[in-house]
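Next, two complexes with subunit A in common: one pairs it with subunit B, the other with subunit C.
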Partner chain A sequence: MRKNIFTLFLFIAVTSTLMAQNKVFTKSGIISFYSNTSLEKIEAVNKKVLAVIDAANNKIEFALLIKGFEFEKALMQEHFNENYLESDKYPKAVFKGSFVKTDAAPVIFTNNTTQTWEITGNLTMHGVTKLIKLAATIVVKNQVISAAGTFKVLLSDYNIKIPAVVANNINKEIKINITLPSLQEMK
Partner chain B sequence: MVIVCLVVVAFGIYAYKEFMRKPADLTKSDAAERILASDLYSLYSKYEDSANKKYTGKIIEVTGSVVEIENQQDTLLTIFLGDTLQTGRISCLIEKKQTVTAKNITLGDVVKLKGICTGYLMDVEMNRCVTVK
Partner chain C sequence: MKKIVLLLIAALSGCQIMAQDSTSLLNGFEDKRAVQKITGAFKSTRVINAHSTEMLHKGELDFRIMHRFGVFKNGFKDLFGLDYASMRMSFDYGITDNLMIGLGRSTILKDLDIFVKTRILQQTKGAKQIPVSLLIAAGYIVTTQESFATVKPTFGDRSSYYVQLIAGRKFNSKFSMQLSPLLVHNNATLNPTDDNTIFGLGGGLRYKVSKRIALVLDYHHAFGQLDSVITNPLSVGVDIETGGHVFQLHFSNATGMNEKGYLTQTTGKFFKGDIRFGFNLSRIFHVGKKRKKW
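Presenting the complex of A and B:
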């Protein structure tokens, strides 16, 4: 009887901990991309990505401001905003996706674990919405939840036109990395 | 002929300098607009389109109370300005070179920060913020 009560107590304690962390978020996610051709290296980073993981429903969403991307060279940043992404007209990029269940397991934030996931969802950017796939990991270490992922974007899919004169300076397909450090419980 | 050569060289120097130009040093740049944090948040939350036209992409000087400080590994320091009546804030990511100075800022301080306004998500977002005396 005593053992049963202890087991029940332990079950409630564990369940409530997991339930409390069903929805986690950050306002300080990082998205970076890198284009490397023989003519030019282009690197940009956005450190203010808003992201929410809803573990109970296996959902993830993130949003960012296009003007939040920072480049080493001012001219690149100006061209990126004014000519390529047209950030005055399309100020945000938004992703809404789901964790694909590979083994029917839900996303659970169990301490000291690393989970590998495939995420599929719609990325809206530059006025275009397309289905993309991300390869992602969720790491829980010392009670701190963090996530990371990568995906590729074909510029032509999003109507991003690169002028012929610099077409060889920029990769046609861009690899994008996302890092969500220290996800906090959503109250 | 000499004039043509001089024009070509001058253009070359201009093009090179323009290509290598770094983003502006905000400690030496004037703010395009000066506003209270609570007013800036109100404008974005109510009239996002017109606020975007007026403030987004510009250097803005914002004054407000520090309601939250987020410090990630001593490299990403974000200071949130706002007031207790509003849920939204002005999220000011501090310029890397300024993190040492900005670390002296504590909760409840009324501070003046200058940065580039990048728009509105859950908060009004500002990048590359520096302290203003």
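Presenting the complex of A and C:
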């Protein structure tokens, strides 16, 4: 009997520690976007993305500072902040979403696995909140958890106006990549 | 038994982490040490005539074409002054984000000017707050127009120097202001009693009316003995930005487009109708090495 109780407690303990481990984060996630027209190629990267995955609840959130995007041309960066994203007024972009899969299995960080997920959630940026869908993968290799995903946003959805003179220099729909390398266990 | 208790505690603490989940997973993660540089106090490196708190970025070449026309008040006879154009053309280059140089030539007196401008302090917010940006610009101007005086002025006589301190603050996304004390030294003066060194207190204002359009004002008040016809330069205008171009359209009483010119050679009286139309056109090219790939 005592042995049984012990195994029961052991089971609880093991599952709860797993749950604790199920919340992982990074402060150095990478989000980049890309616009490519015949006239101009625009690329920017932000390497200070804060992201948290709560596997137990199938949830993910990430946030970044708009000013943290680095462009190849400093003038582009200035225009991006001043004229397009208005980062003084709207300094942050935040995403709150959840993992969805048809069989509704929870996200489990099992070593040496690759899982593909669809994430849906709300992306708030430039003062607008919209529902978006991400295609994401979670890779656990040699005990290191990392995640990556892509999604697209329509500039018009986020009230980002492109003046007629440069309308042909910028894609109407921007592809955004997110990479979260080596997520750490939350303490 | 002890083990069981320990395991229980472990299990409970595991649950506690779960219980802590509030509305946002990101709570408590904000970086409190972040410092943000304030940029874009003005649309261009010049308010209108005066140096602004803005700098070129590293590797940027700014080709500027500036025009000042004749006085507006003569009406259609002179096509509102457009018959008389004077020009300054200049190339400015950003050596680093905090150091730039420039070379310009004006049609008035065939003035050639060079300058160097550097940023000492940049306004920041966040953990470390710097309330103002502080810059310093220094330049040399030489008049190359042929003189018909009996005693020809020497190279030294035709030279002028200036140094300007620019202290400015972007108060919010719309409103910026700067104060820019300017010291101009002319080796030769118009009258023997005139001061060679003239101090000018400059002031610049910017108010953004839309994302790409801003109203600007640029004024300098000269202190020192100058010829009685010399007035203080006042310019008011509108900045229009279209990607790599900035158009600065304005009305001014000054025709001089270098520091010596606008501070010590302006003759029109703004409020007596000696107002001229002018524009600065700035086009930025990226010539330096591109920023390193991330």
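Just so it is clear, the second predicted complex is superposed on the first by the 169 of 187 C-alpha atoms of A that agree within 3 Å, B and C clash if a C-alpha of one lies under 4 Å from a C-alpha of the other, contacts with A are read in each partner's own complex, and residues count from 1 in each chain.
We take it that a contact is a pair of C-beta atoms (placed from the backbone, for glycine too) under 8 Å apart; a residue touches a chain by one contact, two chains touch by 3 or more.
Predicted model, so just to flag it, every value in this text is computed and none were measured.
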Partners on subunit A (subunit B, subunit C) - clash or fit: clash
Partner chain in contact with A:L64 - subunit B first, subunit C second, else both or neither: first
Subunit B versus subunit C as contact partner of A:L50, first or second or both or neither: both
Subunit B versus subunit C as contact partner of A:K89, first or second or both or neither: second
Contacts of A:P163 with subunit B and subunit C, given as first, second, both or neither: second
First (subunit B), second (subunit C), both or neither touched by A:S182: first
Dominant toucher of subunit A (residue count), subunit B or subunit C: C
First, second, both or neither for A:S28, with subunit B first and subunit C second: first
Touched partner set for A:F99, first subunit B, second subunit C, both or neither: neither
Partner chain(s) touched by A:F80 [first = subunit B, second = subunit C, both, neither]: neither
Subunit B region in steric overlap with subunit C, selected from 62-70, 98-106 or 116-124: 116-124
Those residues of subunit A which subunit B touches in one complex and subunit C touches in the other: 27, 47-48, 50, 63, 65, 67, 70-75, 81, 88
Partner subunit A, residues of subunit B touching it in the complex: 18-24, 52, 56-57, 70, 72, 76, 78, 91, 93, 116, 118-123, 125, 127-128
In the complex with subunit C, residue positions of subunit A that touch it: 5-6, 9-10, 12-13, 16-17, 19-20, 23, 25, 27, 45, 47-48, 50, 52, 54, 56-57, 59-63, 65, 67, 70-75, 78-79, 81-83, 86, 88-89, 94, 96, 163, 165-166, 169, 186
Subunit C residues touching subunit A - in the complex, by the definition given at the top: 3-4, 7-8, 10-15, 17-18, 21, 24-26, 29, 31, 34, 36, 39-40, 57-58, 60, 97, 172-173, 211-212, 241-244, 284, 286, 290-291, 293-294
Subunit A residues within the subunit B interface of the complex: 27-28, 47-48, 50, 63-65, 67-68, 70-75, 77, 81, 87-88, 91-92, 181-182
